[in-house]
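What follows are several structures.
The same chain A turns up in both complexes below, where it pairs with chain B and then with chain C.
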Partner chain A sequence: MIDTFHAKRPVYPLFGFFAALLIFAAGLATAKHVEGMWYLLAVWVWFLLFGYWRSCLIIIPCAAVVAGIFAGITYLSSRELGATLAAVSRSAAVCLAVLPGLSLPAVKLTRNLSQIHVPRSVTLGMMIVLSFAPLLGKEIKRIREAMRTRGAGSLLNPKVLYRALLVPFAARLVNISDTLSLSVETRGFRTGKVPYTIYHPVKLTMRDVIFLLGLVAGSAAIIVLCFI
Partner chain B sequence: MNAVEMKNVRFAYVKDTWVLRGVNFTAEYGKITLLSGMSGDGKSTLLSIICGIIPNMTPGTLEGETVVAGNDVRGMKASEISRTVGCVLQNAELQIVQNIVEDEVAFGCENLAMPQEMIEKRVKAACAMMEIDPSLKTRTLSGGQKQRLITAATLAMGQKIIILDEPLANLDKEGTHTLMTALRRLTARGYCVIVSEHRLDMVLPFVDDVWNISEGVVRKVEDKQAYLRSQAEIIRDICSPPQEKIPLLTLTGITKSFGKREILRGVDLTVYKGERLLILGQNGCGKTTLMRIIARLERQDGGKIEQFIDKKPGSRRASRRWFREVGVVYQNPNYQLFMPTVRKEIEFGAESKEYADEIIDMFDLHSLETRHPQSLSEGQKRRVSIAAVVASRPKILLLDEPTVGQDYAGLQRLVDVLGKIHMRDNNTMITVTHDLRPAQALCDRAVLIEGGKAAKEGDKNLVQTYFTK
Partner chain C sequence: MNEKDELEKGVDPEEIKEGKTQAGAEKSDLEWLDEDIPVQEENSGQGQENEQKEEAGAKKRKKRQNPNIRDGVRYNKKGEVAIFQPFTVKDIVFLAIIGAAALITSAVMPLVAQVPIFGLPQLVTGLQMSIFPTIGLMKVRKAGSVFIVAVLVSVLELFMAPAMGVTSLISAIIIELLNIAIFKGYRKDIACFVSGMLINPMTLPFYYLYCLAFDTNSIFFKAAGDSPWMAVGISAAVVAVCALGAGLGILISREIRKAGLMKK
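Showing the complex of A and B:
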């Protein structure tokens, strides 16, 4: 949900979530088979074809690090190449499953959930939480900068860490959440069964159907190939 | 006809400590009503009662009667009141919910269940009115642009009563003029607009009624012009420009982009020792970015900086030694305050307790000494953050919008103190401000950032021309 990962035309949000579950399940199930790796590679290419190139490229180093760590631990504990490759597959499956969610702007997800009548208190809360993540990173960066400008000392010193980072950070969090809730309330947000409009509802297109059908077909094929 | 009427309203955040002591206040449809007063005197409290934030979300003891659009708001939720009252709160940055400007402006309209076509029209109209591009990402906006965005989001909702709490904070003169003209147009169509603002020189020409709040009581100001003269006079400069021109920093061809947005496109600028440089420019033109690059908090994409401040500048990251020489006052004071009391905050950077006492005295912080810095009003926080940075006696002082949230008396005092410290320490000051009143008193030389470059350089006359053209 971080801006850098956003796809220009993400698939229908609910399809994206279903796709994530499918990749996760099929990836884990076929992790011990060499075909499983080909399946994950095909999924990666499938995402590329549907315009997820940015997140597809960014995920490679992340997946390499995660897979490296788990493969290393597995190899050290089992000394088996097969188990190590399975660990790599599982890590790659998890990273790929995260991809549709990462590439989706929060507003599309919340609008989609609102369309299927998920309570607005849930969807709005979700949106605020999702937009909080990049905001928190920025806040920590700013506070650390401010600490440096005022010569607050090293973060390795617990007293400094508490006083100059944690206290302002907590104060900022309270301030942000208070102001956000005021902002939402004073802009007419109400919970319960009240009428509201969804500006730009998310529409299901043939492209989304093709994406999901392709993924379902691929997942079914790999399960058949590995187990039947 | 009265849109808002308050009768004998009293309010206390803490039991028996009355912030408002029997307020009788009215605001009419078809008029812009200004609420003016000192920092921390209760302007935001009064507005929060009208919006329903008090007592619904901020608890306290509330007495008296508040009638908004003919309804007694007692017992009404803030979201119910918001159907008739549009509210632009302070701290625009923290109120943004969505990632894209268009979605943010549409958010309130969605909550009011407007038809899609109407939302689209209103979003377009509000964005055009506040001159903000609906396709921009909200997190990449400058402070002034965020203020415009939140104002546009409220105006799009179309309530007949609009409340704006310090809407001009961080707005440049064009933005201010745009907003005030838009509000004037709305009142001509029968809207009631209530504004709380310190920059009286900018708002008074547009307002119909003026109320002053002091010691918890509001009074209507009868002689608007006399009030303007007493609150909006240009502050006199007590310093003289440096005699010598010894370069301290030389910036050559500085460029900086954020994503695809090119902010600085080759800034050439020399800062001389002991001068007070004022950076002028519209919202989003890159003033803060330039300050951050000078402070070594941000790295430029291209260009070269030659500095004569620190002989051993070290690696890419600025060292602690650097920040002992270069004091940075942030646009947002909340980041820089971390000690448990105002006194400790000042003492933290001060060379001695005696000097901390002197600074507390100069900035008139005695009454706030034992308060937690985060519990202060925004204007008070800003004063404390400036005092805390100044207490460490930096040779270069970078001030990003230091006057926001200051009442006129506070503003005069602040500028006077900065001037006295400048004369005594012969420090170099670089200031960004959108406020005309203190601008000339903070300036020996001014530079105008336009089109990503230092487009013009000049003395106080440039400041005068920039603000009055």
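Showing the complex of A and C:
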């Protein structure tokens, strides 16, 4: 998604997808237990071992801010230390579950999905969603800069929000989609059942299997430890 | 020495015929001139093979092409415009960009993800999740558009919040079914409005059912149990915000169309 988060050698995309689900489920299920925190720490180290060091380091301040906010809200509303700890655990679980998705270049996921014969329309759409999300964020910033230059006023004013932000943004979306669809069509993309080849197929390696097996074993162990 | 000289010398005419003599040999060498030379007909040989291949290819193409689709529009057996229209690359690209816009503007959702009020994430994302899909539906007026947007968005949501991803998909399927049953596609603006408005509120009951089935420890599920009237109030607010968003989406797309940027 964002280049700075991309790992040099991300795990097999579908395994990363499954890992995200697993961490999210196990992290939320064990949020109320102290062992749950240890599990999340182990998952973080596991990611670090598999070359996700960049995203692992970047996620620490983000997780700290998010967990701090939620822990604060929870403590103020409940005055319970257990509930606050659970809020921290949940926030950390969400941040860790996002890691494999953030570290994965969009094109790898698309190639992987194409390999397993997912319809072309879905893979094409996914690639656009993944790679255009940051670009659209920049578009919003540009429109806001233009608003500031023109002295359009505050976004809290509904008329300004509609006329100066929403309409230009929607117009820009239409323009971008027209250009992009032309570009895609000229490169031979078709939505029908047309045979195609994958230039760089994503291969499943032993490293990916070890990564997933370790994660599954850890998640199973923590659930057994907390509930059985 | 020719044939006449050889005959005068007393050579057997049979031997001349068989080519055993010098004159006979010369004659047999030149006989091929009298033979009919086979002339190759036009389009025979390699040309004919190519033609056969082209015919076979055309037959295959014809077989692959749906005879009911003309100029990119699918017709039913009665000759009317069918409910399910084929999606072009242009449609997919536009819907994907709309999905990306909805996703990027919904980035505020994680900020309220831990606040224990049922429906609060849907409330804060209601406006964006109704404006953009409605614009998408106003351009790509084909049954299945909501489902495509939901698939593209929910695949990413699954990485971050699996429950949201699953409920988005289920609600998109139900919205499509309702649309087909009531409006038979998105040809009317009201169909776009209703579908655009329902995308977010539809996830509320399914999210509740999801929590009931898989995640009873969810803070939202507990909040709904603790203060049900607040949950009802928030749900009503979600519907109102989404109706406003869908209305805005229709207004925006009409303005863009008037400006000549968007074609129906």
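Basically, the second predicted complex is superposed on the first by the 196 of 228 C-alpha atoms of A that agree within 3 Å, B and C clash if a C-alpha of one lies under 4 Å from a C-alpha of the other, contacts with A are read in each partner's own complex, and residues count from 1 in each chain.
Criterion: a residue touches a chain if its C-beta (ideal position, glycine included) is under 8 Å from a C-beta of that chain, and two chains touch if they have at least 3 such contacts.
Because the structure is predicted, anything quoted here is derived from the model rather than measured.
S.K.: Tell me which partner A:Val184 touches in the superposition: chain B (first), chain C (second), both or neither.
M.R.: both
S.K.: Does the superposition put A:Ala87 against chain B (first), chain C (second), both, or neither?
M.R.: second
S.K.: Applying the touch criterion given at the start, work out whether A:Val167 contacts chain B, chain C, both or neither, answering first, second, both or neither.
M.R.: both
S.K.: Mind working out whether A:Ala133 is in touch with chain B, chain C, both or neither, as first, second, both or neither?
M.R.: So A:Ala133 only meets chain C here.
S.K.: Looking at A:Pro61, would you say it contacts chain B, chain C, both, or neither? Reply first, second, both or neither.
M.R.: neither
S.K.: Using the touch definition from the top, say if A:Ser121 reaches chain B (first), chain C (second), both or neither.
M.R.: After superposing on A, A:Ser121 lies in contact with chain C but is clear of chain B.
S.K.: Between chain B (first) and chain C (second), which, if any, makes contact with A:Ile69: first, second, both or neither?
M.R.: The second partner, chain C, only.
S.K.: Please write out, lowest number first, the residues of chain A touched by both chain B and chain C across the two complexes.
M.R.: Comparing the two interfaces on chain A, one with chain B and one with chain C, the shared residues are 124, 128, 134, 167, 171, 175-176, 180-181, 184-185, 189-190.
S.K.: Quick check on the complex: what are the chain A residues that touch chain B?
M.R.: Interface residues on chain A, with respect to chain B: 3, 105-107, 124, 127-128, 131, 134-135, 138, 142-143, 145-152, 163-164, 167-168, 171-172, 175-176, 179-190, 194-200.
S.K.: What residues on chain A touch chain C, complex-wise?
M.R.: It comes out as residues 17, 20-21, 24-25, 28-29, 31-32, 66, 69-70, 73-74, 77, 87, 90-91, 94, 97-98, 100-101, 121-122, 124-126, 128-130, 132-134, 136-137, 140, 162, 166-167, 169-171, 173-178, 180-181, 184-185, 189-191, 193.
S.K.: Which stretch or stretches of chain C touch chain A in the complex?
M.R.: Going through chain C, the ones touching chain A are 64, 86-90, 92-101, 103-105, 110-111, 113-116, 131, 135, 139, 148, 151-153, 155-156, 158-162, 215, 217-218, 248, 251-253, 255-256, 259, 261-262.
S.K.: If we count contacts the way the header does, which residues on chain B are in touch with chain A in the complex?
M.R.: 51-53, 56-57, 77-79, 82-83, 87, 89, 91, 94-100, 103, 106-116, 119-120, 123, 137, 139, 150, 153-154, 157, 295, 297, 318, 320, 323-324, 326-328, 330, 332, 334-339, 348-349, 374, 388-389, 392
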